[in-house]
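One chain, chain A, links the two complexes that follow: it is found with chain B in the first and with chain C in the second.
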Partner chain A sequence: MDGIESTLEELYTQYPETVKKNRKKHLIVKSVAEESCPQIEANTRTIPGIISQRGCAYAGCKGVVVGPIKDMLTITHGPVGCGYYSWGARRNKARADATTPKDKIYGQMCFTTDMQEPDIVFGGEKKLAKMIDEVVAAFHPRAINICATCPIGLIGDDLNAVAKAAQERHGIQVLAYNCEGYKGVSQSAGHHIANNNIMQNIVGTGTGKKPGRHVINILGEYNIGGDGWEQERILNDCGYTVNCVLTGDSSYLDIKNLHLADLNLVMCHRSINYIAEMMNTKYGIPWLKINFIGVEATNQSLRQMAKCFNDPELEKRTEEVIARETARIEPVLEQYRKICRGRKAFAFVGGSRSHHYQHLLKDLGMEVVVAGYEFAHRDDYEGRQVIPTIKSDADSKNIPELHLKPDEKLYKENHEYLNMTKEQFEALKKEVPLDYYEGMYPDMKTGDIMIDDCNHYELEELVNKLKPDIVFTGVRDKYIAEKMGVPAKQMHSYDYAGPYAGYDGAINFARDVAHALSTPAWKLIVPPWERKEEPEEKSQDGVTNA
Partner chain B sequence: MASEAAAQTPAQGRVKETNENQCNMCMPIGGVVAFKGIENAMVLIHGSQGCSTYMRLFNVEHFNEPVDIASSSLNEKQTIHGGEANLKKAMDNVIRVYQPKVLGILTTCLAETMGEDIDRIVASYIEEKKISGIDIVPVPTPSYSGTHAEGYWAAVRGIVAYYARPAQSHRRINVIVPNISPADLREIKRILGLMGLEYTLLPDISMTLDRPWGGKYQKIPPGGTPTAAIAEMTGAPVTIQFGSTCPDSLSPGKYLEDEYHVPLVNLPLPIGLGNMDLFMKTLHKISGNPVPDELVTERGWLMDAMADAHKYDADGVPAVYGEPELVYALTSTLAENGAMPAVIATGSKNSLLAERLIPLTEGADEPPVLIEEADFASIEDAAIRAGVNIAIGHSGGKMLSERHDIPLLRIGYPIHDRMGGQRILSAGYRGTLAFLDTFTNTLLNHKYATYRQKIKREFCTPEGM
Partner chain C sequence: MLDCVPEGHVQHTVGKINPAKTCQPIGAMYAALGIHACLPHSHGSQGCCAYHRMHLTRHFREQVLASSSSFTEGASVFGGASNLKTSIKNIFKIYNPDVIAIHTTCLSETIGDDVSTIIKQSEIPEGKVVIHTNTPSYVGSHITGFSNMCKSMVSYLAQADGETKKEQVNVIPGFTNPGDMREIRRIVSALGIKLIMFPDTSGVLDAPLTNKYQMYPDGGATVAEIRDSGNSELTIALGSFASNAAADLLQEKCGVTGIPLKLPIGLKATDDFIMALKDWFGVEIPRDLAVERGQVIDTLIDTHFHYQGKSVAIFGDPDHVIAMTEFAITMGLVPKYVLTGTPGKEFEATIQKMLDDAGITGSKIKAEGDLFELHEWIREEKVDLLIGTSYGKYIARKEDIPLVRFGFPILDRAIHPLMPVVGYRGCLRLIEQISDALLERRDRDALDEDFELIL
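Presenting the complex of A and B:
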């Protein structure tokens, strides 16, 4: 422990005093003495000039939540850059299906008003309105999203008025998101803005319930590299009907029917917990935090889900699927474990992944010694029980909090959705953590470090001092680690790989991690003329070992 | 939307309001690349932090290198009260952690719309903090005023204007470059060396954005143009600027000519035999030195390859898109190989390109379509109508191959879906040869991959199959 404390003290020496004071609050070393998580500072303003990994509200709204809705045409209202930078960067996969033909999928495309100086001076409303007319004429989309970039709020374009007029003109829904990049402190603000709009204006407008005994939604799964498809495969196998995966490969039609499900699963807690909570309030649909990243985690999630429905047949089938899939992938994973076992990792991604991936790494015999989120809130570290104690500040107050009431026609009690009595439901809640997320802390070990909004400097120092075997992070700091001789994996778009979720995903991930750890390059860094003299030893491939 | 016969009529932009699948990025990201080519420089973007994060993403994916860009992280409060305090705090922290000698400050659409006066803020910061030993160079790059190509030139001009001061005459020539790959820069430096010239290359990302493995990791990579050399560019005998399409208002070479009477020779990029010959002729004239055998041999290899490949190249019907300077050089390279582009497009609004293309394209059997302020919807449309069979440009055009099976030869900026954007060599005789081989073989790959089906369609009846 002392070692770590002094290491961390050194980490801060280069900061000015105020920065040091600020950053210290964003870091916690898990101590054996503390059973509950000490308070960590999160979701507060990034210090200017620190090279943070965080993005902006626009990135959270357009890039993360609404962009992947496959049959909604999303327009970026602003100068040219933001549209380009968020174009396909997250690899949300989408495919045509029975209700959404290929020509109604716009995910590969990018639309922007490309505002020029006169638009900034005289306003961009007319340009936007004309653009909506053009895309409607060219594509006949089912619905349109308009996402604002920074200057919009300042020049006073009334997006909602433009959207409303366009909606009347064209008879399709046009939604405006005031997700200007400067709002909030990170992309998290954009998630919330998107959640609010989707919940208020799309969810609940459909009437087509999908057939099936147990109908579920997966919320906060963005189908990067096909993650959502692997989850659907498993869930279908167990006997569930997947109503909608929000928003990876989701369609506008599915989201209209989002309320016609019996249980909401929450994958990325940070970006989607608002909708989960609001649906609970408005419709009475319970939600369950699950994690399909990792074999054990997937098994546990499936078992918890099965318990929710009070259906022995479902539990039986779930066990069959678990047994069959585990038996299928175990021998493959065991091969990769030979390379991965005992290796130390850092994980700095997102608002949920740094937690999710700890489970999969544990399956491979690896341990995460430093983990942190870019844009999480305290509850993602400490657990949802701290929410009432989180102080709201000027930044969080700028994002409206919707206070929904139970729907007069559609509200049912939690237990009715799950086909059980109230008493059974109360008993279930003791066994399965419904409507709750415990955060990352319980899964960290004594001496592990949790760090919020880690920046380039801190990453570099931590890599130097703690010498991990691999770093899981975004592409922006991937090459810093690699320049220091530590392999790094891009965990936003998976270095163009995936899926990493579920059982097939575990194999893909294990293979990619094993590749990263065993690439011959790491052994060839020192040229032969600088290597210490040692008996000439040739490996099989003819490369002299260092 | 697009003008047929570029030679006769000036190009037009899109007539639609919709920019569908953008062909260009915004001004500040170009400015970032320019500052990364200055020795010991760090760059800070005055705006919301998403801008810096997005621009790091695209630069990192293109260069496969760490590219640190700081942000003043403006929040809602500052949009009302001004961003001065944030920008000053940001400068404090960047200076503390990175200890740069040069700190470039670029603006965004947010800062510009707020009306932030970065010159004043920087001046007051320097006075308050008694800053010395660090040059803080503010350059406005409002995202709505141009593309990344203009942002790049604006920053290079800003850097020159910041450092330029009267200097003693010296022998070092100025060589000012657009945003080209580190590999191209290294080739240009080699050529200048072979010609026995001393020079100041501005900016120089050849090492900073393509650093070799080895040694202790440094936050600011070694390399880049030294600021002392930039200050003395005013005393150079001549400026060679690969900026034949660079408007005077953004031209660093024009600035040195107007303010310090350094004669400016604006050349096209030395890609293509003709353009490279022009460069060599200029260097020969300036230095008085003969062109060394090594380069003569390389020219010979290129000539040989051009003759060898002409029968395949002449089948090429290319679409070329990207930054104006690169588009001009590639058009000229393709034209001299008998593959006149059918579609020439740039995201910039740049009438100089249209003018410069006239001598290249007049007399063409099929006059090319020139699109300015292009998006990929307009490029795609023109490409299909013109029967384009190869596209040449950055990664943004991948839909041309994914949707229409038009092979894409990746060159330019950004290349974010393939490895090694920083190592693409196309300058010099050697680079041109590398480009030409890739061009020819891309055509051949596609031909061999599809010719059986083609023959089958043409010659085999269903009965005879």
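Presenting the complex of A and C:
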């Protein structure tokens, strides 16, 4: 403990006093003495000049939440860059299905108004309106998203007015997202803006309930590398009907019917908890925080879900699926454990993943000693009980908070969705943490470090001081870690592999991590003419090229 | 694949669908990485910096470090001066670069931050340098941003110490890969001429993995070198879109003669580059270079039947596309569609003249185009080969046309940034890639009875 604290003190010495004061609040060492999580500062401004991993509200809105909706044509209103960089960059896989034919999928295309200087001076509304007219004539999309970039708010283009007029002209929904990059302090602002718009304008407008005994949504699953498809496979096997995966491989038509489900599962708490909460308020649909990253985590999530429905047949099938899948993958995982076991990892990624992956790493016998998020809020670290105590500031106040009321026609009580009595539901809530997320802290070990908005300097220092065996991070930090001699895996894009969710995902992940740790080149860094003694001729145990 | 793309002609007069360019700041960031121990700084909201670093990192598979002024709504309303001053202070204290190279974004340009005044008001430690360039994202493209940062290197740093010029050449290498810059250095060194190259990302974005981490790797043009460029006899600007502006300013500011050339991609452009150096400095051509040239001619003759007469669509950045089109003509390929996303009528005129000189008619040429339009041309009349960036892979798959990856960015294949396409060795690499792509296709499509061992 003292060792860790003094390591951090040493790290702070390089900082100017104001930076030191600020950053100290973002780093927490888990202490055995404290049962509840000490307050961590999160979702506050990055200090100018600090090399952060953070992106912007546009990235959170268009890049994360809105972009993956496969049958909505998304136009980025702004100069060319924002649309260009968010084109094909997030690996949100999508495919045709019963309601969405191939020719209604736009994910491989990029639409941007490519604003030029005169548009900045005289306004870009006309250009945007014309582009909408042209894409409607050419592509006949079911609905359109318009995402704002930094200059839009400054020059005063009225996106909502353009969208409304276009909607009237074309008879399809046209949604405007005021997700200018400077809003909020990170991607997180954009998630919230996207959640609000989807909730206000799309959810609840459909009437097509999917048949099935237990109909569920998976919220905050973006189908990166096909994660959502692996989850659907498992859930279908257990006997669920997946109504919609929001927004990975989702369609506009599915989202219209989002409210026609019995239970919302929340995967990425940070990016989608708003919709989960709002649906609970408006329709009475309960939500359950699940985690399908990790074998034990998947099993636990499935068991908790099964309990929610008070259905012995469902519980039986769930156990069968767990037994079958676990038996299938266990021998494969054991091979990789020989390489992975005992290895120390850092995880800096996203607003939920650094927690999710701790479970999968534990399955492989690895431990995370430093974990952090780029754009999380306090509740993602400390648990949702802190939400009422989070003070809003100038940056969070500019993201509207919707205050919804129960829907007059569609609202039902939580327990009615789950087909049980109120008493049964109350009892269930004691067993299964419905409408709650405990955050990352309880899963960290004493002496571990939790770090918010980790920057380049801190990464470099912590790698030097704590010498992890592997770093799980984003593409911007991956090659930094590797140049420091530490294997790194991209946890946004999985180094273009996956899925990493569910049971198949556990095997993929274990193989990829084992390969990252054991690729032979790591032992050849020192050239023969600089080697002081003969290198050990010890080969790695277990799998080398499976 | 691209099933949503409608058949026939589509009315598409505003905006871009599948753009073939991106915005200025990333070009400025890339150029700044070619200064030794420089930290590029993005004056805007942090999403820009995050996107640019991500995109460059994916192309180079190397660390790309850069900082941001991290604008919030307040800064966007009241101006970013205080964010920039804080940034400069923090960067020197925490990251200790020799140089901070600031570029603006559409945000800071729209609000009208006066960066040079802010720099003057900032605390800059002794011996350290802060430069800046204006890169409004709504003008030009990433190539314009690269050009602007090169120009700022000259305006801030280059100086002439006297009338007498040193026997040394400045080369502005354009938005090329570190492997290309390394090859340019090898060629100029082989000619025995002292070289100042800026920017120079070799040794920065192709740095080796050793057992020692360097936040600022060994490569990059030093401030002293860029300063001394004002004392050189000659500047060669490779690629008019990326490099001419800096060379022109160097001529104006320090009286260094500038020669604008194409990027030395292809036989003729490499000849032009070497001849310009030979003519100015009166050097002999070393035997090794002559051998390399002879090998290219030998290969062109040996393999012409793999590709001669095939039609090709070439797209990407203007300087790359201009040089590649010339080489395609040298190879006997027929450039049918030639497109860049960067605006500039001179692009169209340059390509048109090349085609006219070669007697090639009926081709389509466009500056400030997009890949949706290129696809429409290809749907109207197919080509045998696509040459361009990774973004061409959608069209390639949809229309079943082989794609030779060339230019920036290449996101789906590794090692490109290390392997030069400039110079005579670059010619061999391009011939190999083009020939291989067409032969792979021939093998794939051949009936069993037509499938041959020797081609």
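Everything that follows uses one rule, which is that the second predicted complex is superposed on the first by the 533 of 546 C-alpha atoms of A that agree within 3 Å, B and C clash if a C-alpha of one lies under 4 Å from a C-alpha of the other, contacts with A are read in each partner's own complex, and residues count from 1 in each chain.
Assume a contact is a pair of C-beta atoms (placed from the backbone, for glycine too) under 8 Å apart; a residue touches a chain by one contact, two chains touch by 3 or more.
Keep in mind that what you see is a predicted model, and the values were worked out from it rather than measured.
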Contacts of A:338 with chain B and chain C, given as first, second, both or neither: neither
Partner chain(s) touched by A:467 [first = chain B, second = chain C, both, neither]: neither
First (chain B), second (chain C), both or neither touched by A:120: both
Contacts of A:398 with chain B and chain C, given as first, second, both or neither: both
First (chain B), second (chain C), both or neither touched by A:59: both
First (chain B), second (chain C), both or neither touched by A:102: second
Chain B versus chain C as contact partner of A:475, first or second or both or neither: both
Partner chain(s) touched by A:137 [first = chain B, second = chain C, both, neither]: second
Shared chain A surface residues [contacts with chain B and with chain C]: 14-16, 19, 45-59, 78-87, 89, 108-117, 119-120, 127, 130-131, 134-135, 138, 149-151, 153-155, 180-186, 394-395, 398, 456-457, 460, 474-476, 478-480, 483-484, 525
Contacting residues of chain A [partner chain C, same complex]: 14-16, 19, 45-59, 75, 78-87, 89, 101-106, 108-117, 119-120, 127, 130-131, 134-135, 137-139, 149-151, 153-155, 180-186, 394-395, 398, 456-457, 460, 474-476, 478-480, 482-485, 525-526
Touch list for chain A against partner chain B, complex: 14-16, 19, 45-59, 78-87, 89, 108-117, 119-120, 127-128, 130-131, 134-135, 138, 149-151, 153-155, 180-187, 394-395, 398, 456-457, 460, 474-480, 483-484, 496, 525
Residues of chain C touching chain A in the complex: 1-6, 10-19, 21-23, 25-26, 41, 44-48, 50-55, 57-58, 61-76, 83-84, 86-91, 93-95, 105-107, 110-111, 136-139, 141, 207, 209-211, 213-215, 372, 394
Chain A partner contacts - residues on chain B that touch it in the complex: 16-22, 24-26, 28-29, 44, 47-58, 60-61, 64-79, 86-87, 89-94, 96-97, 108-110, 112-114, 142-145, 147, 211, 213-214, 217, 219, 347, 375, 396, 399, 402, 417
